[in-house]
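Presented below is the structure to which this report refers.
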Amino acid sequence: MSDLSVSTQAEVLSAPHVLEYPYKRSLGPVIGRFFTSLRERRIEGIRGSDGRVIVPPTEYDPVTSETLSEFVEVGQAGVVTTWAWVSQPRPNHPLQQPFAWALVRLDGADTALLHAVDADSESAMRTGMRVRVRWAAAPEGGMRDIECFEPEPSA
Amino acid sequence: MREVALVAFAQSPSVRQDLRRNEVEILTPVIAEAIRWGGVPRKEIGFTCSGSCDYLAGVPFSFVSALDAVGAWPPIRESHVEMDGAWALYEAWVRLQVGDVDSALVYGFGKSSVGDPRDISVLQLDPYYAAPLWPDSVSLAALQARALLQSSGYTERDFAEVVARSLRDAKRNPNAQVSGDFSPDELVKARYDVSPLREHDCPPVSDGAAAVVLAAGDLARKVCERPAWIAGIDHRIEAHSLGARDLTKSPSAALAAEKAGMGKGSLDVAELHAPFSHQELILREALGLGESVAINPSGGALAANPIMAAGLIRIGEAAQLVMDGSAKRAVGHATSGPCLQQNLICVLEAR
Amino acid sequence: MAERCAVAGIGQTKYSAKRTDVSMAGLVREAALRALEDAEMTWKDIDAVVIGKAPDLFEGVVMPEIYLADALGAVGKPMMRVHTAGSVGGSTAIVASHLVHGAAFERVLTVAYEKQSESEATWALTVRVPFSLPLVAGAGGYFAPTIRQYIKRSGAPENIGTMVAVKDRLNALRNPYAHLRMEGINADMVMASPMLWDPLRYLDACPSSDGACAMVLTNEKNAERVKNPAWILATAMRSEPISFPGRDEVSPRAGRDAASELYLEGGITNPREEIDVAEVYVPFSWYEPMWMENLGFAPKNEGWKMTAEGATAFDGDLPVNPSGGVLSSNPIGASGMIRFAEAALQVRGQAGEHQVDGAQVALGHAYGGGSQFFSMWLVGSAKP
Amino acid sequence: MSEESLTVLRSPVKLEYTFTAGETSSRFLRGFAEGKILGRRCPECEKVYVPPRGNCPICTSPMKEEMELAHTGTITKFCIVNLPFAARQIEIPYVSASILLDGADVPIFHLIQEIPYDQIRIGMRVEAVWVAPDERIPGMESITHFGPTGEPDVDIDLFEDADA
């Protein structure tokens, strides 16, 4: 494929430029509670206007935009609804060895959570498989308190 | 609704990396060509609106220096959206409906080669639940592609056929960055980027710009032989969290098409802004596009994807076909956000 | 005349240095809900959402409308994000009014915000770009030299800036939403604050705030169901390049042209007499006299006399920034919309403690970039 | 683990870019390495821009004609910066000023030194002070600052409008 990059003038100057900042994000009641329970190795969803349990808990209903407040604890294992295999992880990815991104519908939840699955190979992944949480050793508050998911050992 | 038409469209050749020129230097000749072709003298343009993204350039206010490409003196009526130029076109269309202004210059530009668009796109995501995991744009698109494969009869070969057709059509497009003859069988053997998407299922990294001139009523007829009239234009957005959406459907595209009156007549051609091959399949279904509608004769975003201009280019390409008489009724589509979360439909027709 | 448009609802958050009790969605939601309640509407009554904010670097969230769709009830609706630097709050309101004026939208929610405590304003404004010297030290460093030119050209006495800084902070004491509420503010306090960018002292400069402002704009039919809507009499926007030969940065032509178009469209021939109150974008004290001239309220080089004579004070003949202005609250992306909204509050008679008696016609004004983007509107209590 | 609920998420963001000066700017920057200040002239408006741009911001015509500018000029505006902002790289207080170089029609932006800050004024004549020839690099840092020339002040007529 003819990828044309125009750099006929060799002496055009270029220089590295880094945009970096340690943003400090205030969380508010819903996200704050979710991360607090994550730190205690519990996962809480929130009930939407139509009764669906939404995980992770959104502050406002995705359909009616109503303010949500009723928390519901959900399971720490669930079903993969879709996945994608990363053979070459990028520096910021949650895992640095080949892994799968997945949307995981946890037991008791009606929507899926986006996270990484530490599977041995792409062939180990399929929609509908069950995976469970692998908790981070030292939680700091945030989605990475879930280090990743791992396939549930078949019974 | 006041009659408004596209009377000119210009774009820069899409390139992997333009080391020679900065954004303004790429944009200036494109705007000059659109103005020259649009027939409305620069100083008489009633409104100017542009789309760009600071983060793409890595500096705040990158759109301010772009004003130099427009010649904003004496001072002009001007606005800017931090969105694809297609939304700047929508704002200009609305501005012309007010009635006190008869023409508008719209442009979109971006150099995706300066930063890494796969990571920059992460900062669009939910800053608490998604962005901290850094799921890059190809990873999210791959999740959508897998969901489509599971829920429909489509196969990875169908993805490859979209790519093969696009890159073959792109051979006739002088501004395409990637083009050529590839067989679907050959393409499905290529290595995955993030499975199930292969490198060619994904858009190229591109530097580029595009500009359009809009004119209302008699002015459009005066300056353009065959104006591409905007029969309808609308855009809609869906909920953000991926886990709460049905990624295999595009309800916002379907709703925008309905509101824009796309179904009120047969279509000759559709330029769909589908940066990933599987997204064209989702959009074709959402918009009910049958075999009779030519899809992406320009090669689409798979052949050239200057972020912040690629959506405007779709509308420009569709309008171009109406203006040169090869299409009577066409649709241009633009998308924004992860996995087609927000979609705009612009219906163009000859009158 | 295109479809008439009016402000039917206004919502503001309490502006403060840090809102640690809400997420970004929570912040914009607070203002939007108050605007809906003021307009006696709910989310499903809204046809479209237009959101505005300044550079995304402040919060590190690119194109935040994508994430904020649910919070602002935009799902299934058109949603747009305007960004014209400092003037964005104003231009966002104007874009929203065009959706009503031109494109037959009946009820449009428009919101502008900034949550600057997620990073530091000065960092975002002084990102060091390769091949350029790191000389600009925040907005104050950019505008102080132009202020010096004004002082030299107009012969204004040195204390005019201090007078504006005191006046706006006194006004803020009458505004429950204001960020800075400095009891006992006086000239000595301003003069004692450290000189940051000569001639601008710390108290000559605006604070960095978290905050959001929202309005519901409606067409004529819907406006009539609301008690005392603020009717939009005129809007204007102008832009000029940041640097070209002979540019008058003290009183940019883009501001003058926008003002003359605004007054023409609004039927104003003598702005000083016919406009009852003005909310003007004054992020650094000296910009009040400069904008008085740019807006045609005072002849060239004489704007400072309005400040000196008390004309712009709360009880003056043209009260400027009765809300306390940008000097008292500055969530950058929202500051322009706050000016527009406060003008609307005045003509609706809803400005509470800082209501200017009998205000019938009010000006909302915003500027951005290197004094090169201007957006302004005139609102009135009577239907045009 | 502390008991009360979490209220803040630390979310570091780091994005790397390769910034390209572009053709016109690169020639301008390279000029400094050779001790030159390069500008370009618009063929239509006949105004000289420094730093030069690919096209004229007023009439947008391409600007190809390059010329070398004098190293002397006049201060059109300035400010004494005392703000201790975190990312500063220059000791405060420092004076940054707009300097209209002789022969140019738009000012450049640089430091003023070698004069007590309270004596700096608009209209003052200044000249560039360069680093030693072998230390020059393609960038404005090759000029450390501008210092007073001692010539009498100029009455800058700054405020006529360009009615291009």
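So that you can tell them apart, the chains are marked A, B, C and D in the order they are listed, and the count of residues begins at 1 in each.
Heads up, the rule we're going with is that a contact is a pair of C-beta atoms (placed from the backbone, for glycine too) under 8 Å apart; a residue touches a chain by one contact, two chains touch by 3 or more.
Note that the structure is predicted; figures quoted are calculated from it, not measured.
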Task: A-D against A-B, pair bridged by the larger set of C-beta contacts - done: A-B
TODO: Indicate the whole-number Å distance between the mean C-alpha point of chain A and the mean C-alpha point of chain D.
DONE: 45
Task: Intercentroid distance (Cα basis), chain B paired with chain A, Å - done: 29
TODO: Using mean C-alpha positions as chain centres, tell me how far chain C is from chain D in Å, no decimals.
DONE: 30
Task: Averaged-CA centre spacing for the pair chain C and chain A, given as whole angstrom - done: 39
Open item on the list: Two-or-more-chain contact residues of chain C, please, as numbers and ranges.
Closed with: 20-21, 23-24, 57, 59-60, 70, 75, 123, 127, 129-131, 241, 244, 253
Task: Contacts with 2+ other chains: residues of chain D - done: 7-9, 11, 13, 15-23, 25, 29, 57-58, 162, 164
Task: Residue numbers of chain A (touch at least two other chains) - done: 9, 12-17, 19, 21, 23-27, 31, 35, 58, 62-63, 142
Open item on the list: Graph shape for the chains shown, where an edge means the two chains touch. Line, ring, star, complete, or other?
Closed with: complete
Task: chain A - residues contacting chain D, complex - done: 9, 11-27, 31-33, 35-36, 39-40, 139-142
- [ ] Enumerate the contact residues on chain D facing chain B in the complex.
- [x] 9, 11, 13, 15-25, 53-60, 62, 162-164
Open item on the list: Quick check: in the complex, which residue numbers of chain B touch chain A?
Closed with: 13, 15-21, 55, 58, 113, 118-119, 122, 127-130, 132-136, 139-140, 142-147, 150, 167, 177-180, 192, 194-197, 200, 204, 239-245, 247
Open item on the list: Per the contact definition, I'd like the list of chain C residues that touch chain A in the complex.
Closed with: 18-26, 29, 43, 57, 59-60, 70-73, 75, 115, 117-119, 123, 127, 129-131
Task: Residues of chain D that touch chain C when the two form their complex - done: 7-8, 11, 13, 19, 21, 25, 29, 45, 47, 57-58, 76-83, 85-90, 94, 96-98, 105-106, 109-111, 117, 122, 139-141, 158-162, 164
